[in-house]
Amino acid sequence: MTTQKFSAISAPYKAILLDSYGVLRNHRGLIPGVVETVERLRKEGKVIRVLTNNAARSPEAAAKNLVKYGLHGIPAEEIITSGATTRHFLTHKIQAGKVAYLGTPQSAEYIFSAGLEAVAVADVDMARLDEIKAVAFLDDEGYDMNHDLNKLINLLRRCQVPVVVANTDLLYPVSANDVALATGSIARLAEYVLGRRFVSFGKPASQMFQFAIDSMAGQAPDLTPADILMVGDTLHTDILGGNTFGVSTALVLSGNTQPETAELEIRSSGILPDFVCSSIGD
Amino acid sequence: MTTQKFSAISAPYKAILLDSYGVLRNHRGLIPGVVETVERLRKEGKVIRVLTNNAARSPEAAAKNLVKYGLHGIPAEEIITSGATTRHFLTHKIQAGKVAYLGTPQSAEYIFSAGLEAVAVADVDMARLDEIKAVAFLDDEGYDMNHDLNKLINLLRRCQVPVVVANTDLLYPVSANDVALATGSIARLAEYVLGRRFVSFGKPASQMFQFAIDSMAGQAPDLTPADILMVGDTLHTDILGGNTFGVSTALVLSGNTQPETAELEIRSSGILPDFVCSSIGD
Amino acid sequence: MTTQKFSAISAPYKAILLDSYGVLRNHRGLIPGVVETVERLRKEGKVIRVLTNNAARSPEAAAKNLVKYGLHGIPAEEIITSGATTRHFLTHKIQAGKVAYLGTPQSAEYIFSAGLEAVAVADVDMARLDEIKAVAFLDDEGYDMNHDLNKLINLLRRCQVPVVVANTDLLYPVSANDVALATGSIARLAEYVLGRRFVSFGKPASQMFQFAIDSMAGQAPDLTPADILMVGDTLHTDILGGNTFGVSTALVLSGNTQPETAELEIRSSGILPDFVCSSIGD
Amino acid sequence: MTTQKFSAISAPYKAILLDSYGVLRNHRGLIPGVVETVERLRKEGKVIRVLTNNAARSPEAAAKNLVKYGLHGIPAEEIITSGATTRHFLTHKIQAGKVAYLGTPQSAEYIFSAGLEAVAVADVDMARLDEIKAVAFLDDEGYDMNHDLNKLINLLRRCQVPVVVANTDLLYPVSANDVALATGSIARLAEYVLGRRFVSFGKPASQMFQFAIDSMAGQAPDLTPADILMVGDTLHTDILGGNTFGVSTALVLSGNTQPETAELEIRSSGILPDFVCSSIGD
C-alpha cells in the first residue's frame, strides 16, 4: 500500500477538512509537524475546517483545547462539532421544554444554546415525564452508568419523544493501547434493547460536511465537493462520510488506523480513501 | 391519533417536498385530489420538489410517468431522484472506466450521464475485472437473480472498488396487498454475506434533501429548513430523513403506512412526524 | 386470542418445564395459585424442572430463594440454571487458570465449582493477562459499570480467550413498570464494539433443555420432547427455545408478555406458543 | 500458528464428528488421504458421524454421494444432516397439513418423511393460504428467485405460521475461487425485510450435536463431550458449534478457512479451535 506525503496530496485542493483526534493530536499531544502544516495550508490560501464527532464541548472550548495542546491556528468559527448539528436539530424540531441528556454539564451547553432547558437524566422527575420533550446522548462522561442507563431505558419506554445521538463513535483511544466506550456505543445499546432507531449525528452522516460547506461559503464561494479534501484517521466515519458526501478523502495512519492493519482494513471494509499518508505532519 | 387536513398543514411553508409513490400516486393511479392540491400549492407561491428513492428512470422519464398518470404539473427539474445523487457520487469519485450494475438499461442512464461506461453484471468479463471501477445497485428489475447475484458476489470478493446503492428501500408495494423486494434489500443481502458496508443513497440519507435545497435556491433564496415541509408515506425513509435534516415532516396514510397501524408504528419506531394526514388530496 | 386454563393444558404431559420469573413469581412475590398448581402437578405424577436464565446464584441458593417467597416444593436438583450450562462449558474447555468475570461473588460460584479460579474484572492485573484463560458475563450486578466495562473491553482486545455469556436476557423487570439492563445486553454491547461473537448460554439455546431432559432421565426414562411442556412468559427465550427444541410450549401472561400486547407480539415475531394462559395458577 | 497432524490430534478421542464439505471433500473431489484416515479411525475403534448443514438430500442420498466421490466407508446411519433436525421439528410441532418450501423436490423429502405434505412455494395457491401450516427454507436450488422470493414474502406477511431454516450457511464454495449464496443468506434476507426471526437449524446450533450423541449411544454408551472431537473447516459453524456444545474442536485448512488467513480469522472472531491441522488426510 502506497503512502504519499500530505503536502503533495493536499496541494490541488481549495479547502481541507480535518478530523481532530488522530489527525491533529493524539493521547500524547499534538502530532509532530501539525503546526507547520496548518501554517503552510493557510499560506497556500486554503480554507480549513476541523470536523469532530466530539460533542463534549462547544467550538469555543474545543478551540481553547487545541491551543492548550500547542495549536493556535484554529479559531472557534473553523470548528464544526457534531454537537452543533445536534443543536441545529433541537432548535428546529423542539419548540420549548426540557431535554433530558446523558453527558457533562459542559456538553449540555448545546441544549441551552438551542433555547431549551437541559436536565441530566439523573435529575429527571419520573412523575413528570410530560415535561421531557426530547432526549440527547451527548457525552460518555458526566453520569453514573450504574443508575442512569436503567433510568433512561425506563424513561424512553414511557416517553415517545425524539432521541438524538450527538456522537456515533463506538470507542475512543485513551492511551497508546487502551480505548473507552464512546457515546455511540451506549446509544446503540439503548437502541438495541428498545428495538428503536434514534436520530444520529456526526460523521459519516452528511450534515457535518454540509455545515462545513455552508460555513466556508463566505470565504470560498462556488466551492464544489471536488475542491475539498477530508482528512481522517477512521475509515467508517471520516472516510466513508467524505466519500459518500462526494469530497476527496485522505486516510492518515497517525490515529485509529494502524500502518500494519491499514491495507487489510481498507480491503475488508470496502471503504476506499483516495489517498493514504502517515500523518499530516509529513 | 389526530390527523389534520393537508391544506391547513401546508399553509405556512414556503417549500413542499413530496415523496412520489404513496403520496402522489399508488398502484391504482393518481391519488384523488392530488392534481388540485398541486395547483393550489403553486397558486400559493410555494416551491415544490418531488423526492423519490426510485433510481429506475431519469427525472425526465419520471416526469413523463407522472403525466401518464394524469399529473401534468411537475417538470423534470422539480424531480430529485436517488439516481441523481448516485450519479453525483460517481462523477466525482470515478474518473473513467466501467461501472458494473444491477438494474435495467434505463436505470443505467445514471451511469452514462456520469460520463462512465455501464456494464450489466451479466455482461461483465470475469477475466478482465481490472476494467471495473465501481459497482452500482440501481433497480430490482432488469436482471436474473438466479445468476447475477452469485456473479456479483464473486465479482465483489475479487474487486475492491466502491459500491453504491441508489435505492435503500427494502420493499415496495405492487398492489393493494402485495409487496416486492426492492433494490435496498438485495444490496443489504450482499453487504451481509460479504461483511461490508456500501455507500448508500436515497432517503433517509441527507443528500437528496440537500440536492432539493440547492435546486430551490434560485426560486427561493434564503430558504431555511424551517420553511420546508417534507411529505411522505414511509416513517423510516421520508420522515426520519426529513426530521434528521431539520425540515418539518408530514406523514400521509395513503401509502406504506396504514391508518390502522400508524399510531403503533410511530410509537414503536420513535420516528415522530410533525403532522399526520390522510392524504395530500385532503 | 384464546387463553386456556393451565390445568387443562398441562394434563396430557409427563414433564413440565417452568421458567421462574414471570411464571412462578414476579416482583410482588409468588404468583397466586402457584403453590397449589405445583402440588397438583406432583400428585398427577408429572416430573418438574425449573429452567432459569439467571446465573446469579447456584441452584441451592435459587431453591432457598423460592422457599423465601413461599414455594417449598422445588428442591435444588430440580432447578436448571444457565450458570450450570456455563460451568459445564468451562469444565470441559478450560483446563486450569483464572476466569475473569463480571458479576457478584455469589455468581462466581459457577466458576469455582468448575474447578477454576474466579477473578472479578476489577481485580484483574492488566500486566499479567496471560493468567486469564476465559472471561464470563455472569450477572448485571456486583460491579461498577463506569470502570469495569472499559477495563473488560481492553482486556478482551488483548486476550484471545473464550468468552461466555451465562444469561442472554436483555432486560428484566424490577417492578410493575420498570426494567433494568440484564447481563445479555451488556454482553451484546461488548460483542458489538469488538466485532466478535461470544459463546452464549441460556434459553433459547438448546443446552438447558437438554440438561433438563438428561436430569429427568432417572425419574422418567424414555421421555420424548412430545411428552414435555415448556411454560414461559417470554416469547424469544422460553417459547422460541422450547419450539426449536421440539417440546410443546405454553405462554403465560403473568410476566414479560402483557395480555394487551400478547397477540400483536406473537404475530409480529412469528414465535407461536402452542398454548396461551393467564398464569399457571389458573 | 501451529498445526498438528490429525492422526496425533484424534488419537485420544472415542468419537469423531466430521463436517463434510471442506473436510471429506471439496470441489475437486475427495480430499487426499481421507479414505485412509477413515479406515484408520475405524481400526482404532472410534465412532464416526458426519455432521452436515446440507439439507439438500437425505442421509441415504448423501451416503451415495460420498460413494460417488470414492468414500465408501460412511453408511447413511452415520450421516446427520440439518434436514433431519428440521424434520424432527416439523414432526413434533405440525400435526398435519401443507408445508410450503423453497428448495428442490429432493430436499422436500424431509417434509414428506415428517408425515406432512410438501408444496413448492411456486405452487402455493395464494387464495387458500389457510392450508399452509409451516414454511421451510431447504435448499438454494430448485426454485426461481425472480418470482418465488416475492411470493414467499407476501405469503409470510399473511400467514402466521412457523418458519424453519434447514441450513444457516450464508455462502458455499462452487469452485476453487467462487462461492454461491446458500439457503441461510436467503432466509436472512426474508427475516430482515419482515423484521422476524425464524427457527434455524444446523451448526452452530446444538441440535445436530445432540442428534449425533443420541445416535452414537448404542455403539458408545456413557459418551461424554470430553470424549468427542468435532472436525470442521468453518469457524462460525463447526468450531463455534462444537465449542458451545462442549466437545473438543479441530479446524482444518482444507476448506473455507485458508492457511494464509486462518490465524487472523481466529483472532478477530474470538472463536478458538482446540487444534488446527492442514487436513484430516495429514
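Worth a mention:
Order as written gives the chain letters A, B, C and D; numbering starts at 1 within each chain.
Just so we're on the same page, contacts are C-beta pairs under 8 Å (C-beta built on N, C-alpha and C of every residue); 3 or more make two chains touch, one makes a residue touch a chain.
Fair warning: this is a prediction, and the values are worked out from it, not measured in the lab.
Under the touch definition stated at the top, chain A and chain D share these contacting partners: B, C. The minimum number of touch steps linking chain B to chain C comes to 2. Although chain A and chain B share one sequence, what matters here is the overlap of their interface residues, and that overlap exceeds half of the numbers used. For the pair chain A and chain B, the distance between C-alpha centroids works out to 27 Å. Taking each chain's centre as the mean of its C-alpha atoms, chain A lies 40 Å from chain C. Within chain D, not a single residue touches two or more of the remaining chains.
Judged by the touch criterion defined above, the protein chains form a single closed ring in which each chain touches exactly two others.
You'll find the chains touch as A-B, A-C, B-D, C-D.
Chain C makes touch with chain D in their complex at residues 88-89, 92-93, 156, 160-163, 194-201, 205-207, 210, 225-226, 236, 240, 243-247, 266-272, 274. Those residues of chain D whose C-beta lies close enough to touch chain B in the complex are 144-146, 149-150, 153-154, 157-158, 170-171, 174, 177-181, 185-186, 188-189, 192-193.
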